[in-house]
Each structure stands twice: as structure tokens, then as C-alpha cells.
Amino acid sequence: MTSREASEKEAGAPPPLGIGMIGYSFMGAAHSQGWRTAGHVFDLPMRPHLAAICGRDETAVRTAADKLGWAAAETDWRELIARDDVQLVDICTPGDSHAEIAIAALEAGKHVLCEKPLANSVAEAEAMVRAAEAARSRGQLAMVGFNYRRVPAISYARKLIEEGRLGALRHVRVTYLQDWLVDAEFPLTWRLKREHAGSGALGDLGAHIVDLAQFLAGEPLVGVSAMTETFVRERPLLSGTSAGLSATGGAQTGPVTVDDAALFTGRLASGALASFEATRMAAGRKNALRLEINGEHGSLAFDLERLNELSFHDQSEPAVTAGFRRILVTESEHPYLDAWWPPGHGLGYEHTFVHQAKDLVEAIAAGTDPAPSFADGLQVQRVLAAVEESAEKNAIYTPVPAPSGIES
Amino acid sequence: MTSREASEKEAGAPPPLGIGMIGYSFMGAAHSQGWRTAGHVFDLPMRPHLAAICGRDETAVRTAADKLGWAAAETDWRELIARDDVQLVDICTPGDSHAEIAIAALEAGKHVLCEKPLANSVAEAEAMVRAAEAARSRGQLAMVGFNYRRVPAISYARKLIEEGRLGALRHVRVTYLQDWLVDAEFPLTWRLKREHAGSGALGDLGAHIVDLAQFLAGEPLVGVSAMTETFVRERPLLSGTSAGLSATGGAQTGPVTVDDAALFTGRLASGALASFEATRMAAGRKNALRLEINGEHGSLAFDLERLNELSFHDQSEPAVTAGFRRILVTESEHPYLDAWWPPGHGLGYEHTFVHQAKDLVEAIAAGTDPAPSFADGLQVQRVLAAVEESAEKNAIYTPVPAPSGIES
Amino acid sequence: MTSREASEKEAGAPPPLGIGMIGYSFMGAAHSQGWRTAGHVFDLPMRPHLAAICGRDETAVRTAADKLGWAAAETDWRELIARDDVQLVDICTPGDSHAEIAIAALEAGKHVLCEKPLANSVAEAEAMVRAAEAARSRGQLAMVGFNYRRVPAISYARKLIEEGRLGALRHVRVTYLQDWLVDAEFPLTWRLKREHAGSGALGDLGAHIVDLAQFLAGEPLVGVSAMTETFVRERPLLSGTSAGLSATGGAQTGPVTVDDAALFTGRLASGALASFEATRMAAGRKNALRLEINGEHGSLAFDLERLNELSFHDQSEPAVTAGFRRILVTESEHPYLDAWWPPGHGLGYEHTFVHQAKDLVEAIAAGTDPAPSFADGLQVQRVLAAVEESAEKNAIYTPVPAPSGIES
Amino acid sequence: MTSREASEKEAGAPPPLGIGMIGYSFMGAAHSQGWRTAGHVFDLPMRPHLAAICGRDETAVRTAADKLGWAAAETDWRELIARDDVQLVDICTPGDSHAEIAIAALEAGKHVLCEKPLANSVAEAEAMVRAAEAARSRGQLAMVGFNYRRVPAISYARKLIEEGRLGALRHVRVTYLQDWLVDAEFPLTWRLKREHAGSGALGDLGAHIVDLAQFLAGEPLVGVSAMTETFVRERPLLSGTSAGLSATGGAQTGPVTVDDAALFTGRLASGALASFEATRMAAGRKNALRLEINGEHGSLAFDLERLNELSFHDQSEPAVTAGFRRILVTESEHPYLDAWWPPGHGLGYEHTFVHQAKDLVEAIAAGTDPAPSFADGLQVQRVLAAVEESAEKNAIYTPVPAPSGIES
């Protein structure tokens, strides 16, 4: 009997929560790190057990299982869902398969964590919300993976806004700038095809910033005006494998069927103005999710490339000593930080997945609703749909249907 | 005979250029500093002579003349224009008087420097361009005061773009954020009344960033989509005097008839996307004219609050050593810098007016066309008009009439 | 048979490497994260097995074992060393016990990883080096835990210097500023007592920056001149528990017997000047390990509070476009990064321990000498001793004995 | 009668103060800008009149007089001092002539402004202080040109420290990094010769940071430990002219007889530790006068390359919202700023000379003692002498004689 087994028996150790994950590339690796780590850092009410991982290529998925620490491997997602040792299905596949898998998993009595964007269309997302609501009555939970809500600086920004430190909001401006498509020779991966990705920078990056804007403001967008553009319309067909966001291409080309960039403005329910830019064509910007929020009592600014920092300006300070403060969000009183390192010892990107795992496990154990919900994911989808509609109609201001309520 | 007079006689010293300036508040003080200083720093072909200043209040204008270094004071701008010792009329009044004064000065045979925005309407601006063209044939020059083109970092950014260091442009994003209207008690100055100011943040701040975007890109905006907002719609009536951008208010209130903020997107002639935000409601941002331009070969970024710096990313560098460089634009090879101080000894805001004076004096002496021209000012006016039209029409994409050509 | 076991049998899976760790507070938690994670991110030739953890308090160590993922718990470090399933002993205790444990472990035939500083005195460190040399001949390896060498930006900085991108070095300046002792009420923990900690900021923070200066420059310090100071000489005695760097104190006080700050200058073997400051009294600085190195061909700058960034100035660039570049050290070509996330998705503090685990496992599998060696740790100890000697002798320049050679 | 003459008669206009300046290169140009501008920006009790400038080369000094705006030119400084229209002698020559000229000017009944460093030796500085004291009794004032005290951010930092916002000081660290000597081909100008410059980086840059450290702390250094170094010991002899800090060299070489870099530590009277580094060999650093001061209640940081900003950390803030604030020192309540531009419209390097002129004119009109006094300059000289002595004696801690009192 190992020490762990012994102490579990003695101490009434936390019961296991079996995880089954579908997909094992970039997001799969990041989620694995979250599941593996959460219980060793936080005191969780249930112990995540990495039960099984699923992918279509048997050799590859088996290698991934070993590398990433999963106990078993499956090649058919329906088999994964059916496993007795899986209580939670974690969906890390491209967006076109989210609806089918999530609905099946919910119907099979499993909790579901689904990567963002929730789906590739509003209709799919609506079906997923209905399935989640039905499952909720049976005690199953569903959550969408907008992981950036769990950057401590972002969580703390939301807290400051909730406490009224900014007062009535005037401006929300968010950009998400990357540059991996600047090179016209970068090949046609699935992320550049409408049938798999739904959209381009809009769904991939824009979904994040729409969710963050609404999450931080605590209110939905009510309308948008948009332009989108595809600067490089033909790219080499993919040859060989792709990993993360990198890939190599061959001699033949094919059409890019998604946007390279999306630029949109909007109004929040309170009347605040919002501006958004999502692009993969900003040379030198690697992961520049930058946001600034201005209110009548203060302002906040954040840059994902410096994710341990939050800038805060308090308008009530005397003008002579006022200024944006660089808060290192690494104090033990900051969200999630009491479980990590001393002040100034920063966290990284993957910690958002550890926090996501922790929060979801706690919600499951407590039977409370995790956020962001599928309804939150649907609301983002409706904004993205309005953006696409506006972009097709000469940027005309396009209302976003009211959500049942942004749950946060 | 003073040393100067003696040496002028001997050396064939530069002839004087008589300046007559109308207006003596913030812009008047800044222009005065430019005219007083340019000849002592640069070797100019003509020597600016601060001949006369004009304002309606006799005591105030006389005090200003003494303080700011003008030889004489006038209370009627027509008298100022008529003076024999005035060859150049410098217009620093609110926008509603620009057209009348500029046209009269040109018709009186004077060169004209007119503060931005060129006018309060496209019609006025067109009349001014016609007057400038007529005067040009008589050898008189006209220039509009978009002084930020003459921040060395901006001048140098234009040079890098002209040289092709960025390649085809993809994105231009510019914000101009101030916060002096965050306080709802700030009173109704002329800048908040449509009849004097034409518009609010749009004409005051937006005009600058539209000009800079077109100047830097070297191409015009062809269409825009816009939202504007007035967050504080009633403000205390002005009591007492205002200075610079500060003022005090009384107990009665009146309506704000201009925008507090303008948010717009657009397309440049080449197809690049552009985004703009002008606001006076961004708590903590004092003069945050921030711009970033992304091209296929590189990117540039600038912040007016750190005006001696230019950030440059060169996409042709190996990825391992690539990154935005912080160029201190204080080397003697940088624009205007050979006349100033050693590297690292930075310049300030007012130096833009010294450079403006230098460039205009040189253009007058050489008989060449100064930039930005009245036609450039008209082009900005047309963009602002399209912004207002789009904002009234649900943000619909609104074309900007083609310019005769952006002169830079 | 689990998937892992099956595939291990089939594929000739990597053999396990049993780890035994002594100490389970801040450093213990960080090392655990390193051992748990390394094999799931990097393709390692041996699989770290968290065999056993050791601490004096049986309940506490058992709880730590469960939380941190160790298979067994011990309360006597001699028992831990004796375990058959432990091949590598990882020492995370205060410095006063390093020598005894490390020498015993080496004599027992185990590999050793020892936290920094290597020891509390030169004599202890020398004995450890002798033990390591004797063990080396039996195939055992020893390494000291200067983890900051494995921040990717630091590793890459070393590479740039090795490649000659800076040319002959002129200046190395390093500060390590923290502020957890600013509050005079912070209690007397073991870190403030000479008998346990050896010294204060000097051994804790100064050891890191002396190692980094020598590692990056690739040459040893040959002499130093120093001042030290204890600003708060009495502190409350510890009451209750301490965690990480935080603790609470009672009403009685006792003397602080270590330095609060150490300030020293030095010369490197090449003649370059170096300056150092280590303090826990710099209000607002949480973990400000800042370094800058100037050479005849360029400069590098780094700040641990922004650990994903490296600033690089290349003196061979034309002056007009030269400037410090902000390199995001997150490209797949950067050290350690090919195993992590896409560009711009930054790492955190604890990743240094993952990299340390990876490098040590690879060295053990290959039978090569890991760096930093115990000899490197001794060399740091000699510098610290010279610093203390100089500080006692009116800052007189004090030579540092020549090392057998800095291995890097 | 001009407007100015008329209004002067009417209004009892301020009387003139005749300035005579010796030297017309970099410092001469900067001081001229100060004298020309101060009265047009600030309401001064006396009107600076640029009476005469002095240099040895008749043609060059006459050209400089015209360019810089001086009414007359002299080639013998004794003639300049003797002029009736000169009440204040401004000494902008190399340090070896400061004592002789200043003493002669004071003995001739003139006020004196002397560029820093006050002299090339303690003995000279002492003689100057004695002359200044004798002159003081006759109503003449003497001031040394440590212009950086008059950067608004520095003035305001002193105010915050005086108000106790930092509490007892713990650390003062200041570097002044430039790079114009990195190139070994830069020629032997007067600044590299001991007989003219007294010392190298130490007197040129070190004098500034010693003065700032003592000014900001409000207390003197009581002892220092130092190292100096000359990395490039032979340089090309000067050929042709030099301007500012740039120059060109010929084929022959000569010895550099001053330091390239000086590195020293010290103790302030209160027991705070201080560290200093002055170098002209820091590739990529153009004018990096960087300082940070840590006290028990807070910290301040400043960088001359961003001179409109001051960073302030208030230790009394709750840890969750604490952080260094970036204060834009451009509010009308900040020192000197009410006379300049609206918030966010920054100043430059030369404004320090405008402020210096203003403060000295006001002191002369009021008959109060200006700061920094010659005694302050002497105190800096004593520190520099102790630095040189320590550097010659193996960095031994070397006491600085107590000043009669640092006047600020």
C-alpha cells in the first residue's frame, strides 16, 4: 500500500473525478497540464484522474497518452464518453465537432468542459445550451473554456470593477494581435478553413476578447459595427504535420476561407463604447491581448504578454501623485495566488488551465454552476454572428439579441 | 549699432519675415515659442520677426504681447492683416473663424499658417483651399498646423515607411486619449459648443489622428464607419477665465453640443484597415496619442506621452533576436535633431512648433509648397464629415471623397 | 495493465529515476512541481519517480507527500538516503544542513541536487566539492540549484554572449531587490538567523546574482569591495507557522543576526567592472532581479519580474534604427521553448525547476557533468566570503581565490 | 516706441538683468535657450538681457552671438566681466577655468552662475566658496549649475521626500550611463584630458548623480568606496571641430588621462546605503541617469531618458492594489508646470536651463540665496575627491569631510 493509498483510507481522502479528454494537440497538452497539476497545488474536494484521452490516430494518441499522463487511450470519442471511469468530458477538438460531442456527452450523463469558441454557429450553440440545461436538471455541469478569465490579473480586474472602483464605464478597448500569418507562405491549416474553424481571427481571437469585455464589464454587448479582411487569400496546402501554431506547406495552394483580421466597435448595455481588433497579421505581436477600460472613477489596463501585471489608475487620487500603478498580481490575497509562490514569482500561460480545472472540480463537488456557462458561450457566439452580419452589410450597426443573462 | 545689426550688415544677414498672430491662449503661447526660438536653433534663410499679435481684449492682448515677445498688439484682426510689417498671418483662434480670417489674409497678399482643424465644415475648408490656390499663383503659401507631423519620431516613422521598411501596410491603429472631461463638473468652455468648435473630441483630437494616419501611410482613407457619444450632456456654465485646458464653472448648467468621444474604423486606399478612437473621457490618460502600424515587413509604434521614442520591429530579423526596438529619436541623423542636443537629451511638446516655424520659413524662402497644405486639411475635414455622417446613419460604411492628392 | 504500463513494455519505455527529497516548504513545493512535470513536457531518457519526501514532523510530511505527489514519506533523512527506490537526493533544507546531508548522500552512492547557497561556509562547500569529486569517479553526479540559469531568457543571454554578440565586456550590474523585510514587525524566521541561514540577503539573494554574473560573463570575479547593513536589528520572535516568505510574530523580540542588505562592487577576470546589490528592504520591489551587461558590441538587460523578456541592443546597427529590442523569449528556437507553448504564451517562475529537472535527468542518463556543479557553488561561496571579509575591513578590495574553473 | 517699451513705461515693467556668458558650445547653447526663454514663460521680477557672450575665436564667437541671440561678443573674458551692462556672469567653460573666472567675476561685483562641476579640485572649489561668501556680504549671489535638480520630476521627488512620504531612507541607487566612448575610434577631446576636465565620467556624470543623491536625500554622503577604470587608454588625436559630444579623430593617437567609468558605494549621514555608477561605455544607453530611492514608507524611481515621468510606490497602500505609479509630472500643480502646457504635453532637456534661469533671476531680485550654492558644489567636489582617493587605495572606505551644511 503506497503512502497515498494509506493516507487516503485513513483520512477520508477526496474521491476521484475521472476525466476523459478528446484532442491532444496544443489545447490538449495545455488542459493535461491543468488536470495533472491542479490537485497538487490546490486543496481540491475531488482528485482529478486522467482516465482516458481520445484521438483518431491510434499510434499518435497512445504516444500522447503516455507523454501527457493519461491512463488510457481511445480512438473513438463515443467510446471515450461511454467509459465508466469518465465522469467529465473535456473537448479540445476544432469547433466543428463541439456541438455533436458535447451534446452526446451530456446525454450520456457526463459533465462537460468545452474549448472556446463554443461552436461554429449560433444554431449549434443554442442546441448545446438546451442540452446543458436539460443535463443541469440531472446534476450535470457544463462549462466553456474561456481560460483567460482565470489569469489572476483578469480575475482581479473583474473584482475591482465589481467593487465599483471604476464607477460607470465609458470605454472598453481590446485588441488581440498575433503575427503567425504575416508570412504569406504559412500553409492552409484547419484554422484557415471555414468548414473546420467557423471563422478566422474572429472566432479564434475575437471570441476571447468579446468574452473578456463582457465578463469584465459585467454586461453584454447590445450591438456592433464591423469590418473583416483576408489579406492573403491563397496559401500553400499543408504538407507534413503541424504542431501548436506552426506548420509547413507544399507547392500547391488553396483558398483561405476565413478572415485574417476583424475590426469592430460596439455598445455595451450601459452605453459604454467598446472597440475590438483581432488579427494574426500584426508583425512582432506574439500574443498581444491588450485591454483598457476607462470609467468615471478610474481605469484598468492589461497586456497578456505581461500577464502578471495589472495597471490601475484611481481617479480619486490627487492629480500630483496619480498615475497608472503597475500592480504585480502575485500577492497571496490575489485570486488563486495563495496556492502558488511568494510575491513577484510570476505565473505563466498554462496556469489558466490549472485554475480552470480547480474551479470546475470545485463546482462539480459543490453542485454549483461553473462560469463561463454554455449560455455565456452562446452569447459570445451571437456577438460573433452579429459581427459577421455587420461586416457583410457595410458595417451597419447590428443589434445583438439580448442574452438570458451573462452568468459570471 | 548692436552686434547683431553690425553683423547683419556685414554678412548679408537673413532678411526678416514679419509674423502677425491672431489668438494668444494655449496655441498662441505655443506658436510664440516656436517663432521666438526657431532662428536661434536652426540656420534659417529668413529671420522670424514677431511683429504683432491680435486679440479682442486690449489689456489682455497687450499683456500677452509683452509676455510672449511680440513687438505690437492689435485688437482687430483686419488691422493686423493690413500691417506692412506682417508678411505671414498665423491663425490660432477657434475653428469657426478660420475660414474668414484665412481667406482675408490670403486676399491681402499674406502667407497663412492656420491651426487645425482647418475649418468647422467641408464647405469652409473648400473655400479656403480655393483661396489658397489663387494665392499660390501670386507666390503666397498656406499651411495647416498639424504640428505632430513634426515630432522627430513621427517624421522618422514616415521616412521608414517611405523607404519600404514596413512593406504593404495591413493595420493602422491610432488612439488619442485625454481625461480632462471625466469630471462632470468641468464647465462649458468654447471647446464644448458646436457653434465654436465644430465638434468635440472628433475635431480636436480626431483631426490629429486622421491626419497622422494618412500622413504616415502616405495614402488617404477611402471610407469610414463611426460611433460618437456624449456621456455628460449638461455641464456648468463657465465662470471666470479659462487657461490652457483648465477652467472653472458656476451653478447654472447648459447643454454640451459636441461629442465626448468618437470611435471609428476605416479602410485606406491600399486596403489596409484602420481604427481610431478620440476621447476626453479616458481617466488617467493625459495626452495618449498612441499609434501602431503593422506591415508585411515590420511594425512601428509610438506614444505621444513618450515623444522621444519610436518602437520599430523588423520582421526580417531572425525570430530569436527579433523584437520591438525602443529607438531614442535623439541622434543627430534623426529629423531636426542635428540642431538640438546630444543623443538622449530629449525634446518636448513645444519643439513641434519650433520645427513647424522652421519648415514654413524655409518653404517661404525657397518658394516651395509647405506641407500639410490646405488641401491636406480639407481631406481631413472630409474624413471628419464622413465620420459624422456615418455616426448619424447607424455606423454605415461611408465613403470619403477622393482627395486631389495627399501632399506630404 | 494501464495504457502506460502496456506501452512501456512494448516500447522499451524510459527507466525510472527515483527521487528522494528533503524539505517540503517553498523550495520543496517548487522542486516537486519540477519533478512531476518535466517528463510530461520534455521527452526524457529517464522517468522521474517521486519516491519519497522527508521532513521532521510526521503528520506534516505525510500531508505534504499526498499534496505534492510523493509516493512515500520519511522523517529521518538518513532513512530517505538509504531507500533502494531513491537514486537521486534533492536537498531543499536550510543551508546549515546542506553539507552533512549532501556528503552522506554521495557516500551512500546517490546523485545529489542541492539547493543554493551550496553551504553556509567555504569550508563546508570545499568538503562538499571533495565528496562530489570522489563520487564522480563512481559515476554519481552532483549539482547545485541555481535555478535562474534556466530561465529561458537567461539561458539565451548566455548564448548571445558566448557567440560574441557583446564583444569584450565592460560592465555587469545586477540587483536583486525584495521588500518583505521593510515591515519592522516581520518576525525572526530562520532566514534571519546566522546559525541557520549563514547570512541574510547576501546568501539568499546575493548568491543568485553572483552566480548569474559569473555564468553570463563566462568568467569569475577576481575581487570585491563590499558594505553590508542590518537596518532593523530586533524583530518579534516567530509565533505560529511560516509559509513561503510570509510569517507572523509575537510580542517578544530577538536580534537579527544577518544582513538586510549587501552592496558590493567587483572586477571580473577580464577586467570588466561589476556591481551588485542584494536587499530585502526595497519597498515595492517584489522579486526585482535586474541585470544589465554592456560590452563593446552590444548590451543585454533582464528583469526577473518580466521573465519572458530579454532586452538586447546591437551596437553594430545604424544609430538611427538602433535601440534596445524587447525580445519575447518564447520562440520555439529559444532554450527549452520547443516543448512548451506557441510564441507569446509565457512561462512562469516554477518552470525553472522543470528545466532543472530535465537537464539533470538528461545528464544522469548520459553520464555527463551537470552545471552548475558543486565547484561552481563553491566559487560563489568564496565570493560571498570575500564580500563578508571586505565588509568587515572597511570595504577594502578583497581578492577571491581563483576557481578550478567555472563550469557552465 | 514699440509696444514693449510703451507698456514698460506705463506698467513699471521689470528692470533688466544683464547676462554675460563665457563659452558657447553645448552648454552655452543650452544656457542661451534658458536665458532667452525664461522671461517669456514665467512672470519674472527682472528681465534677462543677453548682453554679451565671450569666446576666444572672434569669428566663431560673433557667429555664435548672432545665432544664440546675444547683443555683443567679446574675446577676453576679463573684458566681458568688466562690461557695465553685465550684472551676472554665466560660466560655461571647461572646469579648469572655473575658479579663476568665477573669483574674478565675484571680485568685480557680479553675480555668478557656474557650470558643474564647480572646479577641478577641492582646493579650487574652496577658494570659490570663500570668494562667494565674501561677495555674499556685498549682495552678490553665486550658484552652481546642477540643472537636473530642476527637472520637474526631480523637484517633485524632493518634495515627496521632504514631506516624509518615503520615511527613513534605506537605499539610494543612481547610475548615469552614456555610450559615446564605446567606439575606440572616438577622438581625444578636452573631456578626455585630465588637465582640462579634471576627471572623466566621474566629474562629468558622477558629479550630477552625487549632487542628486544628496539633494534628494537631503543629507550628505559621509564616506565612499570606489573603483574607476579606463577601458580604452589610447585614442586618436582630435582633427577638425567637435560639436556637442560628437567629434572626429585623425591617425595619430594620445593617452586618455581620465576615467571611462567610476563605480562607487557610500553611506549617507542617516545610515542609508548608496550606490553610484557613471560610465560612457554602456552601449545603447544614451543619457540613462536612473535613480531609485527606497524608504521605510515608499520608493521613488526616475529615468532621465523619460524625464516627464516619476515612479512612486506608496508602501501604505493595501498590497493588492499597491504598485509603482507612473506619474506624468505635467500637472499644473507640479513644480514649474503652471507656466507651461496642459497635462501630458511634456517638457525636454533644455527646460532645466529655463527653470535654472528663472530661479536665479528670482533669487537675485529677492536677495535670497539660490541653490545649489558654491558650498553645495564644494561638497560634491569633496565626494569626488574621496572617490578618487578610495579608488587609488584599493577601494578602502574613505570618509568625506562634513559639509558646513547642504543647502537646498
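All chains are identified by letter, namely A, B, C and D, in their written order; residue positions are counted from 1 within each chain.
By definition in this document, a contact is a pair of C-beta atoms (placed from the backbone, for glycine too) under 8 Å apart; a residue touches a chain by one contact, two chains touch by 3 or more.
Note that the structure is a prediction, hence the values are computed from the model and not measured.
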Joint neighbours (subunit A and subunit D) are B, C
Max Cα-centre separation from subunit C goes to chain B
Between subunit A and subunit B, the Cα-mean centres are separated in Å by 43
Per the C-alpha centroid definition, the whole-Å distance linking subunit A and subunit C comes out as 34
Check: subunit C positions touching at least 2 other chains come out as 285, 322-324, 328, 343
The residues of subunit C that touch subunit D in their complex are 166, 170-171, 173, 175, 177, 179, 182, 184, 225, 227, 229, 231, 261, 263-265, 267, 271, 273, 275, 277, 279, 281-285, 292, 294-299, 313, 315, 322-324, 394-397
Per the touch rule above, subunit D residues touching subunit B in the complex are 2-4, 7-8, 13, 26, 30, 32-33, 36-37, 40-41, 43, 62, 65-73, 178, 180, 244-246, 285-288, 304-308, 328, 330, 332, 341-351
Listed in rising order, the residues of subunit A that touch subunit D in the complex are 156, 160, 312, 314, 319-328, 331, 333-334, 343
